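In the two complexes that follow, chain A is the common piece, with chain B as its partner first and chain C second.
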Partner chain A sequence: MIRPELVCPAGTPAALKSAVDAGADCVYVGFRDETNARNFPGLNFSRKELEEGIAYAHARGAKVLVAINTFPRAGYPDLWHRAVDDSARLGADAVILADIGLIDYAARTHPELRLHLSVQAAASNPQSIGFYAGNFGVRRVVLPRVLTVPEIAAINGAVAPVETEVFVFGGLCVMAEGRCALSSYATGQSPNMNGVCSPASHVRYVESGRGVTSQLAGFTINQFGLNEPAGYPTLCKGRFNANGKTSYLFEEPTSLNTLTMLPDLIKAGVTAFKIEGRQRGRAYVAAVVQAFRAGIDAVMDGRPLPATDLDSITEGGRQTTGAYEKAWR
Partner chain B sequence: MTPPFSPVLLLGLALRPVRPVLLQPVFDAMLRLVRSRHPDILERLEAYGDRIVCIDPVDLPFALLLEPDPEQPRLTVRRYVDACEVHATIRGPLETLIALAEGKVDGDALFFSRQLVVEGDTEVVVALRNAIDGAGIDLVADLASTLGPLANPAQRAATGVLDLLSSLRGSVETVRQALIAPAMHNAAARDARLAELEDEVKALRKAARRGTSR
Partner chain C sequence: MNKRDSLSPVRLTLGPVLFNWKPEKLRDFYFRLADESCVDSVCVGEVVCSKRTPFFTPYLPEVIERLQAAGKEVILSSLALIMTAREAEQARELTMTDGMLVEANDVSVVAMMAGRPFVAGPLLNIYNEGTLAYLHRMGASRACLPAELPESVIAALAAGPLAAGSGPEIEVQSFGRLPLAISARCYHARSRNLAKDGCQYVCAEDADGMDVDTLDDDPFLAVNGTQTMSYHYLGLLAELSALRRLGVNRFRLWPHDVDMVAVAALFRAAADGLIDTEEAGQRLADLCPRAEFANGYFHGREGHAYIQADV
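Coming up: the complex of A and B.
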């Protein structure tokens, strides 16, 4: 059985330290610009902070991966190329890329740099994965959140020695990662090109005596009652009126939590478990990393999974195992 | 947002007669301290230097206006704040706001669970939250550090005060329970009566359906 790596998010140097101290094997980060899919205000790393973060992690036996996982603007690839060059120069353990042109640049310019394929590339079958591995030497693929555990096991059997990484906790996207244009329709900005889904600059919360209304670019996305758990107004998690009924049309505000599925995912041959949430605070990072560190260690040592309570940090106060079980089938 | 019944709320009542201008030097000193110990906060907020954020501890009789101008930041104590004069407002109990500033709780989780209210320009609020969370602030240690050789005793004393406040929370909760006991009793009686009426309505509906089907 492979001992899976725990890959943890960090939006700031303090979060990186929290993740490493809590038991992360790897921490993934992004630069403070549109080259990564969490280009949020006040978040991310300067070059100096990345250098210091890498030194901190390496001194404690942890790795640092740099997400450069947006798609370069046509005719302006320099910002993305610089991000790859600087990651290599500063000693990042791998870069996580989505765009095929950028992957080609990284493979040719920095042949020693380890390449991971971002979930944004949406490679979900052995042929697609084989293409990236065969042509560019991609070593690991982050699988889209559309696959069941048996499907993941089959992919692992077919693509070895290419490693796979799966999300185990955090926010969920609807099923076409890297191809979603919902945010663009409302705001003109998307995670794919600008690194922001439903950017905070377009978000407003309006309080009233009946609760809170969340808006995105002037569109009402949801209304929450006085004591109802709230959520961020991404379009895919909006509650809309259709055919005389008010409901979540795409997806409910909920967080992925696969803690109880760790034994199955380990048996399926997954190399790395990824926690989503570079935009979340240090408290979130520490709590989730500790829970999954304890979970993985328990499974590997043949002990029962420890009881954990991550309810308070989930979106909408709810959790799901998402597509891994496809319980809706 | 209704403030929770807590030691801080009682402290707030005691502070009500104090004019905000008398508290201003304390917050000026706090801002100077944060600037010197955590310069990266203002660096991360560089793009938002012209925005004004109201930080409103709902259990205290004043609010703070933060202007994160990198060259000349200001933290002003105000009794009243008009929504028109600020770009955004963050509202919550003082203990929650301090825990958030120290990164002990997750801002999103607080917002999702409605323990924190955000209004206005969400972008500057998110930037502020990220900048502060990323700074690794420890308010007690930061304040104690200004006292030079007295830092360690001061930190121990401050920790003692916080422990005392924490232990007072149980006593305050007992007082709260005693104060609301009559209202809770009335509410329980109303709930019971409501349940009886619901049962009666169900029985009558059932009887009416039986009568219709005959």
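Coming up: the complex of A and C.
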């Protein structure tokens, strides 16, 4: 069995240190601009912070991956090209890319730079993975959250030695990643073009005598009673009216948690486990990283999974194993 | 001489029917298009859900023959989300069909084409010149651009160095509900408390998709099986002349359960400048009485917005 790497998010230099100290094998980060899919105010790294973060991680045996996983704007590729160039210059262990044109640039310009395919490219089958591996030398593919564990095992059998990485915890897209324009349809801002989904700039909470309505760009996404906590109006996690009834049509407000599936995912031949949440604080990152570090180490040592309670940090206290189990579909 | 005479002729593509129509209805729809419509190209094939594919497959040969006999270019559109070996095999069979142009809606299909000419479909992520150029090198002779691109990006893609030489022909989505997202999960089934495996094909109950409203009953989205679409219908009519000045001469119409022969004729007249855009808009609204129209993406705004043409 492969000993899988634990790949952890860091939205700030402090979170990077927390993740490394808590046992991350790799930390992934982004630059402070629209070149990455967590382009949020107050988040991400300057060039100098990346350089210092890489030094901190490397001194402790951890790697740093740079996500440059939005789609460059036509006519203005320089911002994205510079992000790739600077990642290579500063000694990043890999870049995580989604756009075919940008991957082509990186492969031609920096043949020594290790390339990972972002989940935003939604490569969901061996032929797509073969396209990126064969044409550009992509070494690892982050799989979209649409596949069951048996489908992941079949892909691993077909694409080796290309590595796969899967999400194990955190926020969860219910659509194939990088292939969703719902956010821009409502707000004008999309993950692919702007690095944001359901952006905070377009969120409003409207109070009335009956409770709170959460809105995104004027569209009501959910309503909460007087004593209910009002959740963030992520578009695909709202309640809507369809077919004559009100429901969470796409998905409930919930977090992915696959801790109990780690043995199955390891058996399926996955190389790396990824935790979502570059927008999260260092306490969250440390708690999740510790839980999954302990889980992976237990499975590899043949011990039972340790009991861990991550309820308090999941969205709405609810958890799902998502598409990894077929019933989700 | 009218300035328009110097432009390349307008080409209309009828996109694949994204909805789950009864096979006989679909066959008759294509027969009428073959006999009566002014579209130049017609895409056929299942894009959204592989579970639907077997129903229309027996009718496909006669539909293709009828369309080709009427002088239409026929394009085989691939699935958008390929997850299983069976779906990959289905796509591979498509790419092995002799003498037929294939529209790739997933990167895997680009790989399967192995350098032979293909159409880069609107569900591939083409956001910039680098990707367009690479897909052209891979064999893309035409590219239908994604829904969310603004005019400035369309201009850069249409006017880049590629356009001067032998770059792919650019096609722009112009009519119909926009395909916004694709998922492994079926929301049509979920709306009936069914799982995808036991879906009972409930998506067939909504010929133009299932309306999705907010809790305030504001119309918002539409669901078509595993696909999420816009509630609003894209209606780029006033924008056609601007697109043609950018060098875009091919426009995609998404099929709906309306008189698509008349819709196509209207778009051709509008693209050729033979009808006033205000009148064209009124006639389109008359042809689609249930539809509300949007054009926000083209104008760099939210996709559901409708921006009034400058008078």
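Criterion: the second predicted complex is superposed on the first by the 315 of 329 C-alpha atoms of A that agree within 3 Å, B and C clash if a C-alpha of one lies under 4 Å from a C-alpha of the other, contacts with A are read in each partner's own complex, and residues count from 1 in each chain.
One rule holds for everything that comes next: a contact is a pair of C-beta atoms (placed from the backbone, for glycine too) under 8 Å apart; a residue touches a chain by one contact, two chains touch by 3 or more.
Since the model is a prediction, treat every value here as computed from it, not as a measurement.
Taking chain A as the reference chain, the count of touched residues is higher for C when chain B and chain C are set side by side. When the two complexes are overlaid on their common chain A, residue A:T12 makes contact with chain B while staying clear of chain C.
Of the two partner chains, neither chain B nor chain C is touched by A:A107. When the shared chain is aligned, chain C comes close enough to touch A:D99, but chain B does not.
In the superposed pair of complexes, A:A154 makes contact with chain C only, with no contact to chain B.
In the superposition on chain A, A:A268 makes contact with neither chain B nor chain C. When the two complexes are overlaid on their common chain A, residue A:V174 makes contact with chain C while staying clear of chain B.
Contacts of A:P229 after superposition: chain B is touched, whereas chain C is not reached. In the superposition on chain A, the residues of chain A contacted by chain B and by chain C do not overlap at all.
By the touch criterion stated above, chain A contacts chain C in their complex at residues 71-75, 77, 98-102, 104-105, 121-128, 130-132, 134, 146-147, 151, 154, 174-176, 178-182, 184-188, 190, 192-193, 213, 217, 219-223, 239-243, 245-247, 249-251, 323, 326-329. Residues 80-85, 87-88, 91, 106-112, 123, 125, 127-135, 146-148, 152-153, 156-157, 160, 178, 180-187, 190-192, 195-197, 210-218, 220-221, 223, 228, 230, 296-297, 300-305 of chain C touch chain A in their complex. Listing the residues of chain B that touch chain A in their complex gives 44-45, 47-48, 100, 103-109, 111-114, 117-131, 133-136. On the chain A side of its complex with chain B, the touching residues are 11-15, 17-18, 40-43, 199-201, 203-207, 212, 224, 226-232, 253, 279-284, 287, 312-317.
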